[in-house]
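Next come the structures, one after another.
Shared between the two complexes below is chain A, which has chain B as its partner in the first and chain C in the second.
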Partner chain A sequence: MELRLSGTGGQGLILAGVILAEAAGIYEGKRVVQTQSYGPEAQGGASRSDVIISADEILHTEVERPDVLLCLSQEACAKYAKDLKPGGTLIIDPLFVRDHSAAGGARVVAVEATRIATELGRKLVANVVALGALCGTTNVVDFATLKTAVLARAPKGTEELNRKALEAGYEAVRTKAAAAPAADSRR
Partner chain B sequence: MTKVLMQGNEAIAEGAIRAGVRFFAGYPITPATEIAERMASRLPEVDGTFIQMEDEIASVTTCVGASLAGVKAMTASSGPGISLKQENIGMAAMHECPLVVVDVMRVGPATGMATLPAQQDIQQARWGSHGDRGVIALCPSSVAECYDLTIKAVNLSEKYRLPVMLLTDAEVGHMREAIAIPERVEVVERRRPDVPPGDPSFQPYAAKPDGVPPMADFGAGYLWHAEASTHNVRSDLASTDHKSADFLHRRLIDKVEKHVREMTFYSTRRLDDAEVAVVSYGVSARGSAGAVELARAQGLKAGLLNLNTIWPFPAHLIEDLAGRVRAILVAELNAGQLVREVRLAANGRVPVHHVGRFDGLILTPTEVLARLREVL
Partner chain C sequence: MELRLSGTGGQGLILAGVILAEAAGIYEGKRVVQTQSYGPEAQGGASRSDVIISADEILHTEVERPDVLLCLSQEACAKYAKDLKPGGTLIIDPLFVRDHSAAGGARVVAVEATRIATELGRKLVANVVALGALCGTTNVVDFATLKTAVLARAPKGTEELNRKALEAGYEAVRTKAAAAPAADSRR
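Showing the complex of A and B:
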């Protein structure tokens, strides 16, 4: 499975990709490649983190047609949504992404990652909320595994915050999926 | 075996430490900086020394000093920095000073595209400093190979007393893969003199049969001169002595060229019954491997030769291939650099084609396959 996590530099998307790759590659023993692309700026500018997860050897290292695309900026959505594989899934934070028409007929899942993170007390953990939502939507890794990987990376004293953020993101999409399976694609 | 998710650049730093490197001097540059960062945090843990120098020239020169004093040393940079280091890489070669120089290649010329991959320093690694000398350059195409080939680079530099280049690129340097750290690795120590310090019979540049002289640590009590001009076996200046010059200059070439097979590392994929061979290295070997699989799925008998050793160029592998396939395609991120060597080795026995790009993007399997179809 090929996943692309995209947004703006400083949103923690490269770290989110690394955590996802660790969950799959270290804790679940699958083959993984994580790559990234970013501009010369430390903050701002387009940023993306790609993860390939496979049971088999991974040859080409770059994601060309992602199965799953996470967008935390309108710019990223405009740039990458057209690359989604047919039948792929687009996950957006509606605070940033107003127009996802570029995704065509893809399944669209909206998760208010930034609002949820802000309510938990730190806007900074929106990346972890998004990671939870990504897991809840795709089951690309086991949720328990992902939690282990997140907590292994969480700075001391922030474990509880990160755990809550991950669970909130996961629950947000699970509840929604149970309530109205197809509703999001008609946004 | 422990498995860890690591960047290529981090794996280079860890491999270096595993091979006994205890000195790193460098100057930050994208996309090589993670090597310096990792060395800065790791070296103090193993009683090593990290120093950020004022520039790239000082970085490599400081490493030469550390190595002359008996410590395994490494520096890392990218194209613009490697261009600056070349003068003293040549000096290290003349001193016969073991050293590893990592070049995480990015798009040039000049400052080019700082964050994006290229393989444009292939011929620079061979001919970047003036004069004739043997050169060793290794090229990893995965994070695991970054770890493994860094150890081999350190070992070869110590065994053959010369600066060894590790040529990687922004893609392999920055990507992360889960790698298993091997429990055992072979680590080579440089040969030290077999006479005690102060022995008047000591000749610092008298080579053993393999062409490599034992090396005394500076400060250990042996009298010798690290002379960058042509010198005799006693390390005295001999810059008008043709006999000493021929002996020394030939030895600098032969100690590498006569051991090419021992220095050749490579892997193959579906090459045994291939009718067309892709020859590639580094990140381009990944896209090429994908192309070979696509080709096979379409009934095209393609195979891959992935060269981990670029210099000394393993001509014997190409000579063998030239007798077995109908065409060779060289895939690399440049306008045609290693393809020259492949053509020389193939010597007209088989057509040698090229696929390359140098716009900051890497070669995709479909792109290499399309070129394969074109050349057949």
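Showing the complex of A and C:
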């Protein structure tokens, strides 16, 4: 499974990628490669973090056609959505991503990560809300494992906030899936 | 230039790799790929972070023969030192690495990162001390740039501690180089 987390610097996407990789690699014992690449676009504030998770040895380390793409900026969506594997999943924060037409027929899941994080009192945990939504949408790692990995990386005193953020993201997509299956493709 | 930072979980090597990558990629505009790989050894507590820095596009993303290897555990040194490129540099914390014979004829630089960090009041910043030493030894990024990258990642209230840690690591190897050029190969 190949995943790409994308957006702008300061949204905590590298940490989110590291946490996801640690959930799968350290706590679930899978093979994982987690990569950040910086090119000229990094100076423009773009940020991207790639994760490859496999039961077997990983021979390539480059994500070219992600199964799952998280976009927390319009620019990232415009750039990467076209690379999604057919049948892949695009997860967006609708506060930043208004147009996801580049994703074609992909399944699109909207999670208001930034709004939820702000309501929890700390906009900075939008990355953890997004991780929860990613887990609830794709089941790429076990939710309990992901929680362990998040809490292991949470700075002292922020464990409860991070736990709430993760659960809120997870619940947001689960509730949506149960209540309104068509809501994801409303555009 | 290919670099590998290795040791055990909890030593902050992933963050150190991210900071180094950001210094080169965001603040110096170079092409950078920064990777963590997790396999069965991750469950045993081993941690490793790879950084490739280039002026041109990077076509391979895997570090196989690092130019620079940082080892903060004996186990990491035993495992990776033999992969060092001929003429490469091995940087060790002598508190943890007693035997670096696997490095063969490589240049060996010892920096007491953990002792220095402990004296600064926070053992956790040994990774930043090590980064300072790595910069002072290899000049892979500009010291001023690295400082910017460290401070951008330092949690609020720890900026001064991180700045001191970085400078202490940098000075430790610069002083040694100036005072006793042969001290690095004393084994």
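Keep in mind that, in the parts below, the second predicted complex is superposed on the first by the 180 of 187 C-alpha atoms of A that agree within 3 Å, B and C clash if a C-alpha of one lies under 4 Å from a C-alpha of the other, contacts with A are read in each partner's own complex, and residues count from 1 in each chain.
The working rule: contacts are C-beta pairs under 8 Å (C-beta built on N, C-alpha and C of every residue); 3 or more make two chains touch, one makes a residue touch a chain.
All figures in this text were calculated on a predicted structure; none of them were measured in a lab.
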**Message:** For the combined arrangement obtained by superposing on chain A, do chain B and chain C clash, or do they fit?
**Reply:** clash
**Item:** Partner chain(s) touched by A:32 [first = chain B, second = chain C, both, neither]
**Value:** both
**Request:** Check the residue A:21 against both partner chains and state whether it touches chain B (first), chain C (second), both, or neither.
**Result:** both
**Message:** By the touch definition at the top of the document, which applies to A:64: first (chain B), second (chain C), both, or neither?
**Reply:** first
**Prompt:** So, A:9: does it touch chain B (first), chain C (second), both, or neither?
**Reply:** second
**Message:** Using the superposition on chain A as set up above, list the residues of chain A that contact both chain B and chain C.
**Reply:** 18, 21-22, 25-26, 29, 31-40, 58, 61-62
**Contacting residues of chain B [partner chain A, same complex]** = 3-5, 30, 114-115, 171, 174-178, 283, 286-287, 289-290, 293, 362, 364-365
**Touching residues on chain A, where the partner in the complex is chain B** = 18, 21-22, 25-26, 29, 31-40, 58-62, 64
**Message:** Which residues of chain C touch chain A once you look at their complex with the stated criterion?
**Reply:** 9, 14, 18, 21-22, 24-26, 29-40, 42-43, 57-58, 61-62, 155
